[in-house]
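Two complexes come next, and they have one chain in common, chain A, joined by chain B in the first and chain C in the second.
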Partner chain A sequence: MEATPAAIEATGAATPSVVRLPPAQAVIGGITLARWRQLAIIACVIVALVIPFVVKNFFIFQLTLALVYALAILGLNLLTGFNGQFSLGHSAFYAIGAYTAAIMMDHWDVAYYWTLPVAGVVCLISGFLFGLPALRLEGIYLALATFALAIAAPQILKFSPLEHWTGGVQGIVVIKPDAPFGLPLSSDQWIYFFTLAVAAVLYVCAVNLVNSRTGRAMKAIRDNAIAAGAMGVNVSLYKSLTFGVSALYTGIAGALGAVVAGFVAPDSFTFTLSIQLFVGLVVGGVGSIPGTLFGGLFALFAPNVAESVSKGLAGAVYGVILILVIYVMPSGAAGLVRLIVSKLARSAR
Partner chain B sequence: MTPLLRVANVGVRFGGIVALERVSFDLEAGQMLGLIGPNGAGKTTLFNCLSRLYTPVEGDILFEGASILDKAPHRMVEIGIGRTFQNLALFARMSVLDNVRVGGHHVARSDFFSDALHLPWVRRQDHALDEIAWELIDYLDLHAVAHRSVADLPFGLQKRVELARALAVKPKLLLLDEPAGGLNHVEVDGLGRLIRRIRDERNVTVLLVEHHMNLVMSVCDRVVALDFGRKIADGTPAEVQRNPDVIAAYLGTAA
Partner chain C sequence: MNWELLLHQVLAGLATGGIYACIALAVVMIYQAIDHLNFAQGEMAMFSTFIAWQLMNWGCPYWVAFVLTIAISFVGGLAIERIVFKPIHDAPILSHIVVFIALFSILNSSAGWIWDYTIKDFPTPFGTRSLIGNGLISAHDGGMIGVTLVLLALLYLFFRHTRIGLAMRAAAANPESARLAGIRVGWMVALGWGMAAAIGAVAGMLIAPVVFLEPNMMIGILLYGFAAAVVGGLTSPGGAVIGGFAVGVIENVAGTFIPYFGRELKLTIALVLIVAVLLVKPSGLFGRSVVSRV
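Moving on, here comes the complex of A and B:
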């Protein structure tokens, strides 16, 4: 880049030997934070690989669904946590992804794994196109516009002229895939590993993205859009593309969800799903990528736990759980971890 | 020779308020021009025209001979105009280093796809961007706080971060809107030296809005004074300081 030599010329330095300090590392128990993070990731990977061999099929199925939710929440987080745009309409992108996959499998016998990239691209385009008019809306007004999307989606899916494709109120039944190559895995185990692999790739991409030049532009817009523009960031382009990429993540999650659940139906994709994703986002930690994993687990298991406590008052119990969680972790699971780490690091010093 | 910047009969109105009225002046490359005037004179409004946040209702703004009015705000850094803001406009939740890196946004090319995959050519670009950012962190002595979140820093440091970010743009023209605002006397003296250093060492033409008269008088080659959106004086610091209209404008607002 031409800028670098000019900078060196201007300061009169012969070589670009500028000191670069690495970030200060907190040390806990004689181990640096970066090392702790590595250990945590390795531990998670081991648990994730072993768990489907020690639990029942139904629990594997639930875990897979939690992973799917986590991925959908990750999409929402890219939009809200890293770009500062709100959406209560992500259930619609989830639905578009799910129906794209289901229609491809049902009508054209396309293999389930090919449906994911297609669902992703369809949602990328839908998200981008929705993001364009949404550029004019800020904060709560954007939330309202996306809310409309969430309300519209299930009705459009039931709309009778589209019934040939969508299956109307009944939805579409999808055949669950079995493990390929004669692998000794049950269908649930196989779908779990397949989802895990897809999620792993998409999480790595998300981490790369938010730490890149593009990610910095996204965050700059979140923090101060006018200043971002003055620093050369094409604000409207980045905002609408972020909308598209966010929808892509949630759409791929939707396609996976269709494969995992074995069917799609309009009433699985109501506004409630948007709220579930939003709750998962907040509980996991807005702007935290690992937090979305917790968010996914919460989105799936919290309602189940509430139901097991009291069938009749499940909603109320869920509400209490939610209030407790927000009270204990006002900035989500990620915030709580950060707090504990900084406390430990301070006491260790 | 065409001046670096030509402001020609620029007018801006907000409803009934005339924020700028037929303001004209030239700025030669390498000069340090002070823009003064009482509160509400239209100084920030002029800056906002120069960074394309506002569009004048009349007149034109030429940068290196070409009008900037047909360009989007984010293109200003490409042609070489960088700025700071009167009330700090930092990316509060990002680190100092990342703030400065955003200033270098336009020197690199990458997109969502290549960044998500962290492709090798993106890595090389990141390296070049880091080079720019670290050099400025060094230049402005921000090493100790490079990885800290900007929101956690005291005001004086935040102002320096904003300056570093504006310099990362590699501007030919640097717009500084009240860089001394909120600083104490010692800091203002240091700032004066720093601004001169930046002009001399980095080949930047500076347009400085400042209420701090000592600073303006000590660093600027030329001063333009505005009052109620009109230019009331244009000359050397000493001339402008003696100008009766300028004295009246300042006494008028003091009264």
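Moving on, here comes the complex of A and C:
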């Protein structure tokens, strides 16, 4: 993930009040910012590669799930953070991806790795098609339309005429894959590395996308759609395409989620999932690609932490954690990092 | 076409629509005051209703508890704004929405912890005898619709014809200009929260006899309330009330008359219809579309 630097910089404008990062040549502690960034990425990669050999299987499973959430949040971030469209309906795309994978594995015995591209394409198309009518809606009204999608998804999955395919309320059980080629890895470790590899590819793609001509068009639409249109950007096409790509990311995350969890059921894909993804997006930092990793971890672990503090008041504890997090970092983890880095760079000068 | 069945379904739809209209009105109120949709609105109403229940359990007569609850909710709403939202008033909008979600979680969980999750009866001041059509609309439904309409009229008068109502509208529409004109924007927002909590309390106490009192009573209703408010137009309290009745009727009629999948997917159908309305009228049926200078 060498290409990250410019991505972080470009996203500084996600919200007008956000602190901008100093230029990549700025020096902190005798090392340039660009170098710090490389070091941080290398450290992350090493930790990600070593960790499955030092922790228990259940924790590996949780980390895999956090990675899956991070991917789904990345999809949402492409839409919200880079294109300024709001969605509460991404649980539906996650569900479409998960069910595509599960049905392919259950009915046609397709290998799990072939289900990912298919789930991606199915979601790309459905996202694009949903993006077309969404063009007419903005802000709150778009939120409501996508919300309708999130509410409809579990109901349609339970819908009795489709039961042959979807398994109705029960859902579908998927067999967890084992490590291939006789690798000395447990099933959980193997799925972790598989997810990590898929995520790495998709993150690099996302970084390249937001730094490309297309990415600049997306951001121009976010900042001022009318001005972007006047500059010759095809606003409708880019908005609906972004919806499609965003759904593609979330759909692949859904397919991975089905493989990781080992089953799909309508009630795993309710509106609550959309909320979880949304919270992860904001806590990680809207418009920040590395932030989505933090968002994924938060989305998975914060409810668990709350539950371990108090069983009866888990919801209240979770709420208090959320409020405190927003107090400390109103623009998410990415915003906090930006603030610290720019302070350090200023004092070093 | 079975006309009698249709009439029955429309009446039943109006009865449930009254509930949605009530909560949609509260949603629009807070939207006018703070310019956001408040996800915690339903939980605030639920919490207020529990306070009323507790007061009555301690022996307060209905109307005393009613008035006391409204007062307590008003102060509570004010306090939430001052304690939770004032410190983060310049955080991005999406962060505010996360705090709404946090409030939702806190109120829901602590209500369950204090009053537990068993379903409780809540009394009605209007009685339960049948008003129209053999129990389709009961006296309570009638009373609920009546109170909603009275509330709507009072709010209209407040916002159109009092200085403080005008100040609140100004503070929501353009905080900076309002501040320059000498309006204390921070307190206007707090006042909006207080009023929304009070209206929510009224809505909660009217709805509770129908759906019974428990910590999750508001979740489904709030969704419909949002939908109703948006379809009616978030800038129009009257539109929200009409939207509420429309959603109730559509839900019932679609569930009965669309063959094959009507019953299983009636919620979906209602929502699809709403989205369809929005596609034709993007700012709701009665909302003003905002024109901004580029």
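As a working rule, the second predicted complex is superposed on the first by the 325 of 349 C-alpha atoms of A that agree within 3 Å, B and C clash if a C-alpha of one lies under 4 Å from a C-alpha of the other, contacts with A are read in each partner's own complex, and residues count from 1 in each chain.
Just so it is clear, contacts are C-beta pairs under 8 Å (C-beta built on N, C-alpha and C of every residue); 3 or more make two chains touch, one makes a residue touch a chain.
Being a predicted model, the structure only gives us computed values, none of them experimental.
Q: Of the two partner chains, chain B (first) and chain C (second), which one does A:Ile226 touch, if any: first, second, both, or neither?
A: In the superposition, A:Ile226 contacts both chain B and chain C.
Q: Regarding the shared-chain residue A:Val283, is it in contact with chain B (first), chain C (second), both, or neither?
A: A:Val283 contacts chain C only, not chain B.
Q: Output check: A:Pro161 vs chain B and chain C. Expected answer is one of first, second, both, neither. What do you get?
A: Second partner only.
Q: Give one of first, second, both or neither to describe whether A:Val47 is in contact with chain B, with chain C, with both, or with none.
A: In the superposition, A:Val47 contacts neither chain B nor chain C.
Q: Quick check on the superposed pair: does A:Ala217 touch chain B, chain C, both, or neither? Answer first, second, both or neither.
A: Touch partner of A:Ala217: chain B, not chain C.
Q: Output check: A:Ala148 vs chain B and chain C. Expected answer is one of first, second, both, neither. What do you get?
A: In the superposition, A:Ala148 touches chain C alone.
Q: Now for A:Val328: first (chain B), second (chain C), both, or neither, which partner does it touch?
A: neither
Q: State whether A:Asn208 touches chain B only (first), chain C only (second), both chains, or neither.
A: Touch status of A:Asn208: first partner only.
Q: Is A:Pro23 touching the first partner chain B, the second partner chain C, both, or neither of them?
A: first
Q: Which chain A residues contact chain B in one complex and chain C in the other?
A: 18, 224, 226-227
Q: Looking at the complex, which residues from chain A come into contact with chain C?
A: 15, 17-18, 80, 133, 136-138, 140-141, 143-145, 147-148, 151-152, 155-156, 158-161, 224, 226-227, 275, 278-279, 281-283, 286, 312-320, 322-323, 326-327, 330-332
Q: Report the residues of chain A in contact with chain B in the complex, numbered from low to high.
A: On the chain A side, the touching residues are 1-4, 6-8, 10-12, 16, 18-21, 23-24, 205-206, 208-209, 212-217, 219-220, 222-224, 226-235, 241, 245, 287.
Q: Per the contact definition, I'd like the list of chain C residues that touch chain A in the complex.
A: 37, 84, 87-88, 90-92, 94-95, 97-99, 101-106, 108-110, 112-113, 223, 226-227, 230, 234, 260-261, 264-265, 267-268, 271-272, 274-275, 278-279, 282-284, 294
Q: Under the touch definition given earlier, write down the residues of chain B that touch chain A in their complex.
A: Of all residues in chain B, those touching chain A are 51, 53, 72-78, 83, 85, 89-94, 98, 101-108, 110-112, 115-118, 122, 125-126, 128-132, 134-139, 143, 146-147, 165, 169-170, 201-203.
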